[in-house]
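Presented below are the structures under discussion, each in the form of structure tokens.
The two complexes that follow have chain A in common; it is paired with chain B in the first and with chain C in the second.
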Partner chain A sequence: MALQTTVEQVEGSVPVTILALDGELDGASYERVIDAVRGIYEAGGRHLLMDLTNLQFISSSGLVAMHSSMRMMRGEAPPDPEEGWGALHAIGAEVAEGAVQANLRLCGTQDAVQKVLDRTGLGPLIPTYPDRATAIAAF
Partner chain B sequence: MPGHGNARSPLDPHRLERVIAPWAADPAGPALSVVDPAGATIAGLAIGERDDGHQQRIEADVVVDGDLVARVVATGTVPGVRAHRPAIESLAAALGELVAETRRREAAEQALAGHRSEHSATALGINAAELAKGRRQQRSILSLTPPEVSGYDLASHYAAAREIGGDFFELFRLPKRGRPLAVVIADVTGKGLDAALLMAFARPVMHSALDAARGPADAIERTNRVLVGERRGTLFITLLCAVLQPGTGRVRLASAGHEPPLLVPGDGGPIQAVGDAGVLIGAFASVSPPETEITLAPGDALLFYTDGVTDAVAPSGERFGDARLLAAVSEARSGSAQDLVATIRDHVQAFQESAEPADDLTLVAVARHRRGRGRHPDRH
Partner chain C sequence: MTRPADRLRIPADLERLAEVRQLVRDVAGAAGATRDVVDDLVQAVDEAATNTITHGYAGAPGWVDVTVAIEGPTLVITLEDDAPAFDPTGLPDPDMTVPALVRGPGGMGIRLMRIATDELAYRPRATGGNILTMTRSIAPRPEENP
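What follows is the complex of A and B.
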């Protein structure tokens, strides 16, 4: 059930922050991923690779973490889940028009995770690579 | 975060205008306002032509813990107001739930803050009690009496997770030829107040959209447009909508990123997942979900569910999964809709043992009676 997050910094052609998710991303853990990505952005990270090699499961709540991460890495104000509607921000025209997200990439998605991303339409919006090396080279 | 109570009251005029805006955008729909118990307008919107001389006014009370806190007032043409009555009642119920939820959260936060400083363990007890109350109230707005549909059994089961938010479902007859039965089942992603707000908002919007739409895919498109246009959020909804013509057994269905329903043929044929999913709603400016059409033959059943079923976790950490769901469906396939739902519910509960569910769980089954068996006199 639990989720472990590990953050690493590597140098490709640009500095890339790697956030590795190990375990299960669900209603109990998605806010932690949002917090981690917010922390990375606030610390100056602008190229984020989520390594999902050891992510066994993603629930529908996990999709919120993915979408929020896309937005935060584009520099939009991070959403505050405590504030209800008042503090919610405009959905970026980029995503609304189905444009592909370049500041966030994924690698190592297992079939069960990819299936959920694809079923709900988020998969095609986030460039996904088989492993870290190819993903880093693509930034 | 204590101390922000008033800032996020659901009865804040600005927030209320957003909530009622979708109805005002329908030119044939009624003018809507929300008034306080003394009758003063808190928020109101009126767009479109509404003065043809035959005005009707209906009101729905927003009641929290027995107190009248507000009223939803709809004024418009007689057919317009009538068509919107269920949505207006849902809106009032949803607003009541939101006010109650906000009060509970504030009470729980205050209790937690107070007791934490005294190093008291009872704070957690209060919090749990408040959440349990929230769950019961959420269930009460979900569990509307299912309609009677001659020739069919309908059954549903809903189990709330620890936190409010999550799933909603609805079964209702549409005001169209043949009185088709609409089935809506949905999972709001995320949890907490934000998810509860989105659920309360989306449910009547979807109901209203289906009343007016050409079919389930059209209703999903309309609902998405309202969600994206009126509400700028970070949460989304996976939703499945089916419309059944009881006379023919014809079912049109469309999915927004939701688990496909299972068709359980009455002739013993293989159980199949039905339909393709489009993208979830609330995230993209436009969606065009594919629509699928099937026919329920006598003896066939259609099972709708949310991911709380397949994602249910055993104490070992294992997930219930598709294979166990199929096994449970196979076991109950010759029974009624109630048997199907009860069997799956029992299997999930046995699998979870004492673990408290992390996610809401919803099951809805629609079973067509076999010929010459289980027929009931037509009731209207």
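What follows is the complex of A and C.
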């Protein structure tokens, strides 16, 4: 199934942009997610919630998109895909220390997607909530 | 008993990965594999085919053959291509404890393939190219839900 992306704006205690990913996030579609997040940041979005309720699959290419999204929401350039994952550890440490606000959050991850996030060490680095309402309230 | 294999050829085009995932989903599901096992095999075949298309052919035209066979209690997925010879099973597993810049997304792909399968085997194709075989028991692992 091809990936569909939908962007919505909601007002919580802060303005939150919701990027819903429906379908499968793979090598064919991951660059579209990076482009969408870049567009959100450039338009002034600073709190991004990715709604993965209808995301059935994520490959390692999709993880690159997640990693790039973390970076971009911190105002940094997305990494070269060949650069690697070193920055993830730095981001994770800062989030754990409360040194920075986590500008990217996830909600609604299905088991298959959560399994991949956890197996690659990315899962614990991105705050994840069961649904939109809980995630928006937490920003 | 060995049932007939299911086979698919796609061109070296990332847009066609979804067809490979669906083939594995269909055959593994029909074989009675649990959701966990099906998900793992779909992951493994996607990572392998993505590697072939992205790094093997690297933009050049080509094809990937995918075969899914049920051999007794085991599902066997075979990927065949005629890209330059490359053995992904020789790649080191990324060290998850070290914040190494060498730990690239490609390393994540091979890690996911290893976790998702019981066995990964590589051999060069006689006429050039690569054959990668991924094996997984149809029965769930002890830590998984039946």
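We take it that the second predicted complex is superposed on the first by the 115 of 139 C-alpha atoms of A that agree within 3 Å, B and C clash if a C-alpha of one lies under 4 Å from a C-alpha of the other, contacts with A are read in each partner's own complex, and residues count from 1 in each chain.
Rule of thumb we're sticking to: a contact is a pair of C-beta atoms (placed from the backbone, for glycine too) under 8 Å apart; a residue touches a chain by one contact, two chains touch by 3 or more.
Here the structure is a predicted model, which means the values were calculated and not measured.
Applying the stated contact rule after C-alpha superposition, one finds that A:Lys115 touches chain C and leaves chain B untouched. Of the two partner chains placed by the overlay, neither chain B nor chain C lies in contact with A:Ala138. By the touch criterion defined above, A:Ala102 reaches neither chain B nor chain C.
In the superposition on chain A, contact of A:Asp26 is made with both chain B and chain C.
Once the two complexes are laid over each other on the shared chain, residue contacts for A:Ser60 go to chain B and to chain C alike.
In the superposed pair of complexes, A:Val7 makes contact with neither chain B nor chain C.
In the superposition on chain A, the residues of chain A contacting both chain B and chain C are 1, 26-28, 57, 59-61, 63-64, 67, 81-86, 88-90, 119-121. Residues of chain A that touch chain B in their complex: 1, 26-28, 30, 57, 59-61, 63-64, 67-68, 71, 79, 81-86, 88-91, 95-98, 119-122. Partner chain C is touched in their complex by these residues of chain A: 1-2, 24, 26-28, 57, 59-61, 63-64, 67, 81-86, 88-90, 111-112, 115-116, 119-121.
Residues 1, 4, 7-8, 12, 15, 18, 161, 163, 187, 189-194, 197, 228, 231-236, 238, 257, 277-280, 283-285, 287, 307, 311, 313, 317, 319, 358-359 of chain B are the ones that touch chain A when the two sit in their complex. Residues 14-15, 17-18, 21, 35, 39, 42-43, 46-47, 50, 53-54, 94, 96, 99-109, 111-112, 115 of chain C touch chain A in their complex.
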